[in-house]
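The following blocks contain the structures, represented as structure tokens.
One chain, chain A, links the two complexes that follow: it is found with chain B in the first and with chain C in the second.
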Partner chain A sequence: MGNITVEHLNFYYGSKQALSDVSIEIPEQQITALIGPSGCGKSTFLRCLNRMNDTIKGTRIEGRILLDGQDIYASGANVVDLRRRVGMVFQRPNLFPQSVFDNVAFGPRVLGMYRNGDLADAVEASLRGADLWDEVKDKLRQDALSFSLGQQQRLCIARVIAVKPQVILMDEPCSALDPITTLKIEDLMRELAHDYTIVIVTHNMQQAARVSDITAMMMLADAPVDAPVDASVDAPAGHLKTGTIIEVGETKRIFTRPTDQRTEDYVTGRYG
Partner chain B sequence: MSKTTPTCWTEFAVEALVRVAGFSAIGFVLLIFLFLLREGVPAFFEIAPGNLFGTRWYPTFDLFGTLPLILGSALITVTAIVIALPLGVATAVFVREVAPGWAREILKPMIEVLAGIPSVVLGFFGMTLIAPLVRQVFGAPTGLTAFTGALILAYMALPTLISVAEDALDAVPRSYRDAALAMGATSWQTIWRVVAPAARSGIVTAVMLGMGRAIGETMAVMMVTGNAARMPVSLDSLFRPVRTMTATIAAEMGEVAAGSTHYHALFGIGIILFVLTFVINLTAASALFQKRRRGGLR
Partner chain C sequence: MTASVRMQFEKHLGQLNEDVLQLGSQARQAVARAVEVLIAGDVEAARQVIVDDEAINRRRFEIERECYALLVTEQPMAGDMRVIVAALIVVTDLERIADHGKKIAKICLRMMQDLRPIPFGDIPRLSQMALAMMDRALRAYATRDLVEADAVCKADDQVDALYKQTFNVVLSRMLEDPRMIGPGTQLIQVAHELERVADRATNIGERVIYSVTGELAELNV
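Up next, the complex of A and B:
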């Protein structure tokens, strides 16, 4: 469970196209890393996978995204249920100004998951899942914002796994953290990959190399000629650089024997 | 040197002017307070404490019990806030979180216009429209009741309450909403469980400012509450006439002999009112301060 197939995805902010013809298979219970230069649409693509872009006015997609064979953008698709199944960890920890317990219990509460008072057990299980239980078990009533950034980010992960998702999206989860804390989160990701499909956006190529099974290289490129281009966009030809995935493969191969010249330039640091 | 002198002089003059203007504002408030003290403090010596905080206000018979007036003000203010709080917060949530852009552009200035309606107009409105309605609906002997006053005051407190509560909602970081939505919370769950609680201290400030506005209001209250200085302690007090501190001062000050005990008693009420308003504003300010310290305004 937690298999994602993206087919010919185009994405628009208003009339501006941000992604064109993105296709990728994201296998279940593996870590897929999205790498690429800033502004190439990695985060935009990630936010398509749980429809968080729906909260931005004027966005639009073409193409299909299948989660276990079900089109998540099909009319009548349940967005609330989708977001429970596809959790998200953001760039900076974004805990609520509430206690540790209330933060982790938030999801189960709003989704009405535990009616029989098993909430405390569920919170404990989630905190154990995020390797945090021993650190916070005596501080469950403490304000979550009083913890260190690294602990806060792991609390965010605990909060996400509390709703028992199938997929966890991570948008540069370590960019606000120091190297030691980053390694901790990476260890945690490896553990989580036994149970969850993980998609991570990262600027840090070592991180992608260390932690992921699959790597997808994204880059701004001229829209392919056969890609359906929005007729309402009257940008001059050649000006239309949009983000797309130029190469996907096993992480080891991407970093050692990339087939695309641009990927090779990027992973060897010759890009730009 | 000769070149720079004129600039220096204008600079100095402007600075001095601004400084005088600034300090004079503080000075005037201080003078008002001193005057209030000078005229009001004798009341606390001339009238026995048992009388001053007694239950009967009949100045003609030297009975200066301020308790019914204090309780009258409290009853009306608290009822007004109980009415205005849910309405105000709901409106703020609607304007900030739900309404589409064009509706917000229309609603915001309209709410601000509400604050500019003179209180005597609202009083008139209350007397001729609300009071008969209250009499009919609640079967009260007269429509001029504490409840009528509370309705009008709630209406007057609303614009302040809405504006401040809306600012508080606006200050809640987008990342909180994202976190809630990304976990499968609906937009209503996000608003009620995350955004509103995060804006709580701002909403408390809004309530306090609304309360400050309500407790000091005179004209509208005087016109619609019936002004009978009775103790509002029975259950039906809300639907009986009541008299507030402000209305007492306004109604009786014109006819009182300067320097008499009655005169000092009215200023004494003024001091009590001043202290109450001061405490309310201080609470509002400390809530605001707490919010800043906790980083709620990020």
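Up next, the complex of A and C:
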């Protein structure tokens, strides 16, 4: 469970097209890394996968995103349930100014998932799942924000897995962390991949190479000529560039012998 | 303004390639001189080939260290990674090629103890063919030329054929005349070293293909 199929996805911020014709199979219980230069639409794409962009006014999509065969943008789709099934971890930890316990228990409480005794067990299981239990088991009532950044980030992961998701989206989850803490999160990601589908956006090529199974290279490219272009956009057609996936494949291959010259240029640092 | 980090890396890669090619010409020289001194029976020159091998061994390690430094400092990906890894493997082949030259020089010293004239037969031709393959391999390496790299690998069949022929000719001489068994055995050894030089030239060809395309294939079949 947690298989994602993206078919010909176009995404618009108002009249500006940000993604064009993105298609990818994101296999369950594997780690898929999205790499590419800044501004190419990686985060935008990631946020399409749990409809986080819905919260931004004027956005719209074309194409389909299927989670285990169900179109997540179908009319009548339950967005709250979608965001439970597809959790997200951000660049910087975004905990509530509450205790460790209350942060992890937040989702299950809102969703009414457990009775009280079971809730405590679920919180422990989530903290164990995020490899944090031993560090915080005696400090469950302590303010979550008093912990180190690395611990806070793992607490965010615990909070996500507390609601039993199928997919975890991670938007540069280690960019604020030092190398040792980063390795801890990477270990955790490999552990989590046994149970969850993970999609990670990273600017760290070595990280993508180390932890992911599949790598997708995104880049701003000329919009395909038959792509629907909004007439209100000022830019001349030839200069219109939108984000798309230019190459996707097994991570080992992408970093040792990419087939697209643009991927080669990017991973060897020749881009731009 | 100082050069960008990327430009520095390009410079180091360029330097690495030059160093590999220079080692290549030293190794080629070792084999060519070894065969020359063997045929000329020049004991002093043979000793010099053996002494000179030390410098080649040292140079190989220097280049290896250069590669390791680039791997850890640049953490190269894709084509950059392939160029450096290919260089690491090619310098090993080049060092071994020089060793084949050294072995021929040592055989020369042994054969000089036998004062009878030695019929070298096809040894000079075998040497020319092996050296021509090396030249091609080094040219392919210098220009990342896939056609040239492939041609090196194809030429190996001719060297193998001539090696077998040399082997059979020397063997029949030894059968005809038992006094030929001593020098004949040495000649077969020389032919074998040259045949190995050609094999290693194909290895270099394979690494050129890898560095350009990422394809790993045994072409010396």
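Criterion: the second predicted complex is superposed on the first by the 264 of 272 C-alpha atoms of A that agree within 3 Å, B and C clash if a C-alpha of one lies under 4 Å from a C-alpha of the other, contacts with A are read in each partner's own complex, and residues count from 1 in each chain.
The criterion applied here is as follows: a contact is a pair of C-beta atoms (placed from the backbone, for glycine too) under 8 Å apart; a residue touches a chain by one contact, two chains touch by 3 or more.
Bear in mind the structure is a predicted one, so any value in this text is a computation, not a measurement.
In the three-chain model built by superposing on chain A, chain B and chain C fit together without any clash. Applying the stated contact rule after C-alpha superposition, one finds that A:F106 touches chain B and leaves chain C untouched. Looking at the shared chain after the overlay, A:P258 reaches chain C, while chain B stays out of its contact range. In the overlay built on the shared chain, the residue A:E186 is in contact with neither chain B nor chain C.
Contacts of A:T55 after superposition on the shared chain: chain B is touched, whereas chain C is not.
Between chain B and chain C, it is B that contacts the larger number of residues in chain A.
When the shared chain is aligned, chain C comes close enough to touch A:M205, but chain B does not. Minimum Cα-Cα distance between chain B and chain C in the superposed model: 34 Å. Of all residues in chain A, those touching chain B in their complex are 50, 52, 55, 80-84, 87-88, 90, 92, 94-98, 106-107, 109-111, 145, 156, 159-160, 163.
Taken together, the chain A residues at the contact with chain C in this complex read 205-206, 209, 255-258, 263-264, 267-270.
Chain B contributes residues 173, 175-186, 189, 193-194, 197-198, 294-296 to its touches with chain A in the complex. Interface residues of chain C facing chain A in the complex, by the touch rule stated above, are 6, 9, 75-82, 213-215.
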